[in-house]
Structures are given as structure tokens and as C-alpha cells.
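In what follows, a structure is listed as C-alpha cells, so that the remarks can point back to it.
In order of appearance the chains are A, B, C and D, and numbering begins at 1 in each one.
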Amino acid sequence: MKKLLNAPSDLVKEALAGMAVAHPDLLRVQLDPAFLVRADAPVRGKVAVLSGGGSGHEPLHGGFVGRGMLDAACPGAVFTSPTPDQILEATRAVDGGAGVVHVVKNYTGDVMNFEMAAELARDMGIATETVLVNDDVAVENSLYTAGRRGVGTTVLVEKICGAAAEAGRGLADVAALGRRVNDHGRSMGLALTPCTVPHAGKPSFELGPDEIEVGIGIHGEPGRRRAKLEPADRLTEMLMDPILDDLPFRAGKDVLLFVNGLGGTPLLELYVVFRKAHELAAARGLRVVRSLVGPYITSLEMAGVSITLLEVDEEMVRYWDAPVHTAALRWGV
Amino acid sequence: EVLNGDAVVVWIERAAAVIVENEKYLTELDAAIGDSDHGANMARGFSAVRGKLAGQPREDVGAILKTVGMTLLSTVGGASGPLYGTLFLEAAKIAAGKAELDRTAIQQSLAAGLAGIQKRGKAEPLDKTMVDALGPAIQAFEGAAGVTLAEALARAAEAARQGAEATIPLVARKGRASYLGERSAGHQDPGATSMWLLVRSLAEAAAE
Amino acid sequence: MKKLLNAPSDLVKEALAGMAVAHPDLLRVQLDPAFLVRADAPVRGKVAVLSGGGSGHEPLHGGFVGRGMLDAACPGAVFTSPTPDQILEATRAVDGGAGVVHVVKNYTGDVMNFEMAAELARDMGIATETVLVNDDVAVENSLYTAGRRGVGTTVLVEKICGAAAEAGRGLADVAALGRRVNDHGRSMGLALTPCTVPHAGKPSFELGPDEIEVGIGIHGEPGRRRAKLEPADRLTEMLMDPILDDLPFRAGKDVLLFVNGLGGTPLLELYVVFRKAHELAAARGLRVVRSLVGPYITSLEMAGVSITLLEVDEEMVRYWDAPVHTAALRWGV
Amino acid sequence: EVLNGDAVVVWIERAAAVIVENEKYLTELDAAIGDSDHGANMARGFSAVRGKLAGQPREDVGAILKTVGMTLLSTVGGASGPLYGTLFLEAAKIAAGKAELDRTAIQQSLAAGLAGIQKRGKAEPLDKTMVDALGPAIQAFEGAAGVTLAEALARAAEAARQGAEATIPLVARKGRASYLGERSAGHQDPGATSMWLLVRSLAEAAAE
């Protein structure tokens, strides 16, 4: 295992310490239990937006803490959901009296830990709402699974909810908007290489030189099926077709197209995929009105890509365009 | 034929030792159908528990179990954290204020723990989870009338082992492994395996 | 070789096409010869800032095209300097009558191709100035080499020159400022893994499971020496010590600290390195007044990191903070 | 004992074929001490040249060489692009307006090309560059008095080959390989190698 780290068990805390000194204007870090909050938290009277999950998906979530996006992020160990006490403490630290929205990716661990934290917060008189993100079309049959995973749409939910909260919208409103974003977003990914969890010390799975995993999550777990490596255009179709058919996305609609790198894939290749995805969306009569390209929700150093398509309405676009000032996403400020 | 506070502490310390010993093994099981962290999660949690138990008074078994539950809850994370946390917290409710647990109390504690796990995680038997080790263990314990407590717990441990092994052919329907669909068959569930180690430690502690 | 591409020879052009559809508000792409210009080029009366080099270092340079940074970028084939005609055409396309600054990384190929382009531009009556970036302290003896390579400081030169040009400074001023930034910036990098040039189809070099290359460039070439993989803190020292000693950076000065990912290294690890680099800078009595962390000048999917330290003055900080709106770097707008 | 336009075109076409054939080999040499692109750069350039020469009139050798130089300049890139471009553009100046090149003109053209390369790239002999193949080739050509043109060029090609091979023990002082310092020794310079292929193609064209 070749990684830039000291002890695997110190990785997350040392990275948090790095964030604290790199972005003192943006955020504050607390270590025990571990969480990040925006520098001016709690913001009186504003709904707070909090998310969290295992580490290893950076910049998600810590890189999205700041004005116009997340009030707090709770990082767990690598690929391990944070614990209820972390989430509870962060919830308390950012509650400005208007309640806290928890943005939760749909994984059993995240769901249960956030659930327990929300129960504890409720007992302390803090109102919370949970927005569950489950946008991964690779998981087809939710009856015999833990349900669809939360992947790329998470970033869009966090941005749009964050902006709505910043604009003064109430707890129920922000949560409802977040759910609407989730309902209109669909994602799918594929991996060219596995990643290595620092504690495990070796790759999570093995792939032959011309094999890929299709329908991959973001935790280094194998995907839904193994396939042959093909040209980028063909692989882009392999992701876009199920996405387009699922909502389904209908001609004439406006969409946000988000091509996400899983960590180890160069930007050059992401733009090659973006080009084809854009072409396929256009061929279905969709208008790509907003774009995002880059590694925003990653799986350590895994090479691969995920595509997210969000059918946007006027309100979502307005909140997408609203100022945001975080380590990883910034505009208008 | 009872478990007092000392015995419970011995159990947990044995469990901690065996979990730490088997960290790599549990992680390898999780690598096959999950995300390669179950060993690290459990080792982190039980190491923390070990530290917490050092200063713990032994009079109230419920209090000991509560400490274990709270510590697991705040250190394990992932899916197994809330579930193992719930197991001990629910057991602690039954054991609250008791200096020792007799067979009935033990059985009620385990049953309450299982019920808590199933309420939180919504897993049914044969969903390929830790339930498939704990469920059979409780049944075996209940069924072991007319033998010593140690023997009853040894039978429970053996049932847990068989239950864990019996997850191999199953297709997962809960937790992260369920995303693999058919590809999850052929691998032993990591959580069922750690549950077996936990029950085995209990049997060993009772046999001492 | 596992990459998201179609034919290797189409990679750069397809990625440019992707950038064009992803950022129509920011930039325009021309394909033959290939270059990108900001959407409103040429800006009348403004000095234009142009850079270029081989592809494979993304977001450098194309991701820095836009208001407040580059007016144009000329991408060559992967790791291959662009040609004089590309540079000449881009220079013509962005000249707003006030001249064009060429920001050139010090590699033989870049230097010669830019030189020829500048000669041709001069013949056409376009004034150009060249800012040569050569900040890599790993190359010690410039007498027996092609001189120090241009690495991380390039990003800082482009940002600061771009802001100065946007502020209406003249050609000589912008170039002088760029040279001052170069003179006060120092960098060094190391690689944990090689990268694979698409045309070559296999890794540029081989490294054992516990070997690293120290003093690496950004073209997949081997570094100055091979060393053992060590904990991140120790590796950070291995980069920071030569950097700190070289300028030398003196106690009491303000610095910008830039921890750059070479492509395949997760952000989590970059922050671990940032933490230690910040500590080492502070131990020397330096004040880290600005930070940048992320993959900004990369080497395809290479795992590794480079550190850049820039001794800043008030003017550099002011131009660093000035609004910038590009695909990869954006604030204040 | 002259090279006319047809012969020059035959030369360039042979060169293009052999460069494309050896793309992988040149890239491998560049992988060892450079950035793995020399083969692709040269193949891209000479393929473009091939396309350009199709419609090229043969009367003016200078015009042919100029087309080659301009095309290499705008398609090769990297360090080798401007250098090979300069070689042909400088040679083209000598050959301008000539329907054929005699020995003196050939010699002057090559010398002008070398001078251009050295002016642009500042490399001296033994810096481990293409100069180390072209320099010896020109010397051998000059020294080959009293033999046929074909034989003189064959000797030049052999000198280029030896010059390229002689770069193996050298420590690079110019170009990207110089960053490697001592580690550059033990590898043959890619540019010197492609230069040898170019001179060899010229000898073959002259022998036809």
C-alpha cells in the first residue's frame, strides 16, 4: 500500500488538522468527537444543513462546509459512517434555533447512526429533518437490497439545500427541496481500478487489465457486474442509458450534468466523458443548463467515473447559482 | 449458574482480545462483499471498550453492559456500530441494577438484544447478517435445558458458528453486501462472524 | 493501460470539446490549431496572459482560462509542448492591442516552441514578453542541466499575472511581476507511482511496493533519486527542507503554501501533508497567509505530491485575492 | 551524384515509414530517460509530412524541404519538433530554388541544419542529444572523398548509428534527460536514435 500517511488510525484526524490550518477563514474543526463546522456557526435563526459519512470521499463532505452549503460535516473512519455522538454534537454546534437538516446517503450504517443521532437531538429539543439521498440506478431491485445508494446527487442536494437555508427558508421547506432534488437526480458509476482502504492495506478487489466494475458504489466494494474495458464513448453510454431511462428524463427538460471523478481518473478523461454524456443528453432532447466536472465525491484513489443527471426546475437553478464559499466549491463570493 | 459482574468483564475482555486478533480476518471477509472495514471498526470499538472497563465498578451488570453499548456506539460506526451498541444497550435494560444474571436473565438479555438489532436494522433471518449468528445462538441456549450454564452457552456458541457458516451460500438482502446481488453468495458474512466470536467469548468466560 | 478514452490520438481534442460544452460561458475552443481562449477574447486594451504546455497536467492550463487569469491556453499532445503555430494563433486571438505575456515552464521543448512563436508574433507586430517559470529545487545544478523545471509556481504566476492584467497593468509590469513571483517561489515533488502516457500504453517507469521517486517532474519521467517510502511527515520534511533552504525563506516573512496533488493522490492525504508542511513553515518563523490544496498541476494519474512555497509581498497577495473565474479556480465572482 | 526532388521525396517517405515502424522503440528509449513521447511525436510529425508531400511539386528541392520543416514544426511539438523543423528549414534555405543538390549543396544543407539545431537548442557534442548523431554523420560525409554519393551517405549513416550508440554512457546535459543527472547514463538518447534513422533513410534513398 502506497499512501501519504502516518498511522492509518491517525489519517482522518491529521487530515482534519490540515483542513483547519488551510482554511481558518472557512471552518473550525473539533477532534473528539470529530466534526467540522463553518467558521461562523451557529448562525442565529438560520436552518443548518449537516451531512456526514465515512471518510475517503473527499472533498465530500468537509470540503463543502462553509457559507451557502454545509454548516457541519461529520467524518467517520475511512468508508465507515460516523457515530451518533459525533452527529449529535455537530447538530448541537450548528443549530441556530431554526432546526437542522441531516443529509444522509442511503447506506445502512449512515441511516442508522443518523437515526439515533436524530432521536437524541429530538430528546434535547432540537428539531431535525432527514433528507435521504438514494440516486444510484445501478441498484435495481430495492426490495431485496438495502435500497439505492446515495452517490453523486448528494453534492447537488447539499449545495441546493445550503443555498435555500442561507436564503432564510424554513426547516420543512429546505428538507422538502432536498427531497425534490433527490427525486429528480439519478447517478451511476464504473471503476477501472479498485482502491485500498488504509487499514486493510490491500486493494478491496482485483480487476484484470481489461476488466471494469460497472455499477460501482463509492466504498471500494465491487460493483453490480464486471465487464470488459471499452472505449470511453461506449462506457459513457453504459452509464447514461440506465440513468436516462430511469427517471425517465423527458425531452424538453432542463438538466444539470455532473461528471464526477472517483479519485484516480485525470480531469482530461472526465472531459472526454462529459463530451459524450452531453451529446447523449442532447440526443434525448435535454437541455444541459448547468455543468459540474471534477472529483467531488470520490472513493480514495479509485480510477473511474460516475455520472449524475438532475432534472432541474427554476428554483433549483436559482439555489445552484447562489453564492457558495467552501474549500471545494466556490462562486459568487 | 449465574454470570456476575466479574464474569461479564472477563467475557468482554476475551471478546476484545479475540476481535483484535481477528481484525485482518474480519476485514478480509468484508473486502469480499463489503467495504473492507469491519475488522478495523470492531477492533477500534472493542479496544475502546477495554479502556473504559478498567475503572468500571462490578456491582451492576446492567451498568457494565451499558458502558459497553455506549462505547461501541460512539467508536465503531458503520452498520455494525449501532447494531452492536443496541445489542448491549437493550441487554443492559434487562440487567439494570442486577449484581448477577441467572439463566432467565441471560436469555432475556440476549433476546432483547436481538430484538433491538432487528428493530434498528430490519433484518430477517437468512438476510445474511449478524442476525443469522445471534438468532440460532439464542435458540440453542433456550433449547439447552438440563445442562450447565457453561454447556448451554457452549451450545449457543456452536450454533452461532454454524449460523455464521450458513451465511456463505446466502444472497445478502440487507446492508452493503446486498448491492452485490447474486455476487454476494459464496462468502461468509463478516458481521455474523464477529457475532460468533462474541458468543464464543461468552461461553469461554462462563466456563472459567 | 486502463483509461477512459477512445483513440489516444483523439484524447486531447475530445477533452477540449468536453470543456467547450461544459463551460460555454467561460471559454471558446478552437481545434486546428488547438487552443482555448476566454469567452470575451480579445479584451480591448488589456494585456493578455497566455500559457501552454503538454497536456496531462490538467487543470493546468486550460482550467485556468477565464476572467482574472489566462486569456488563452495552448495544449500540446500529452507531455509534449505545443507547436509555434498553435501559440502564434492563440497569441493573435487574444491580443487586445496591449501585448501578450507568455508564461512558459522551463522545459527545452516549451522554451523553444514559445521562442519561435514569439519571434513570429514580433514579425506580425504583436508585442510579447516571456515569463519563464523555473522553480523546481530538485534540479540542483543548472550548469549541467536544462535548468530548473517549471512546476507549482506556474499556477501562482498565472493567477497573479492574470489579476494584474485584469487590473489594467501594462505589458512590462505584468511580466516583471510574473518574474518576481517566479523568483520568490520554490517547489519540489515526489511520486509514489508512475503514470502511463496513453500513446506509450505502459507506465513510464517502475517502482517497487515501497519505493518512491524524489524530485519528480510532471512528465512521468523518473525523479532525481529513488528512496524508500516513509511516513507522510518524514516525506513532507524531505520536500520542505530543500525548499526552505533554497530561497532561503527567512523568519518573519509571509508565504503562500500550496500543496499540490499529482493526480492520483486523494485529497485526504494532501491535507495530511499540508498539516505537516504548515507546521514546518511555522517552525521557521514563516506566516502562512494564503493556502492552496488540491490537484492543480498534475501528471496524469500519478500518485504523489508537490509542495510550493511562495514568499509573498502585499502586491502579490492583493492580486492573488482578486476575483478569478475559471473552470478550476474561482472566487470573488 | 546529385539528389533531385524525387530522391528527396523518396528519402522523406522512407524516413516516415521507418519512424512509424519504430514508434514504440523510440518511445521506449524516451521512457527510460524522458517522458515517453518521442515515438508518438515523430510518428505524428512524419505522418503529417507524408500527407503534405503528396501534392508537392518536385522542381524545387528547397520548397520540398521547407514543407517538411514547416510541417514538422507545426505537428511534432516537444523539444524535437523545433529542432527537426529547424534542421529542414535551414537546409531549405541552402536548397532554395535548386532542382537538385550536388555533394557540396548536400553538405552545406546538413551543416546549416546542424548549426540551426545547435543555435536553437544550445547543445554541444556529448551533451547526449540528436547532435551526437548528426555531427558525426556530417563529419563522415565530408571525409568520404573519392567514393560515390551513395557510399558517402552510407558512411554518414553508419557514423550516425555509432554516434547514437555512443550516447549510451553519456550523462545528459541538455533536454529533459538532464534532470536525471547520473541516472541518464546507460541509456541511448531517443533523439539521436531518430536522427540516425533519418540519415539512414537518406543513404537508402541515394542508393536507389
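By our rule, a contact is a pair of C-beta atoms (placed from the backbone, for glycine too) under 8 Å apart; a residue touches a chain by one contact, two chains touch by 3 or more.
The UniProt protein names, listed by chain, are A, C = phosphoenolpyruvate--glycerone phosphotransferase.
As the structure is a computational prediction, the values presented were derived from the model and not from experiment.
Put simply, the C-alpha centre of chain A and that of chain C have 29 angstrom between them.
In terms of their C-alpha centroids, the spacing between chain C and chain D amounts to 32 Å.
With each centre defined as the average position of its C-alpha atoms, the distance from chain B to chain D rounds to 74 Å. Not a single residue in chain B touches at least two other chains.
Annotation for chain C: residues touching 2 or more other chains are 78.
If touching chains are joined by edges, the resulting network of the protein chains shown is an open path. According to the touch criterion at the top of this document, the contacting chain pairs are A-B, A-C, C-D. Residue ranges of chain A in contact with chain B, taken from their complex: 8-9, 33, 54, 76-86, 107-109, 112-113, 115-116, 138-139, 141, 144-146, 149, 197, 199-200, 204-205, 217, 219-222, 224-225. Chain contact summary for the complex, chain B toward chain A: residues 27-28, 31, 33-37, 39-41, 44, 73-83, 120-121, 171, 173-176, 178-181, 183. Residues of chain C that touch chain A in their complex: 2-7, 11-12, 14-19, 21-23, 55-56, 58-59, 63, 78, 192-193, 209-210, 212, 229, 231-233, 235, 263-275, 278, 288, 291, 293-295, 298, 300-301, 303, 305, 325, 327-328, 330-333.
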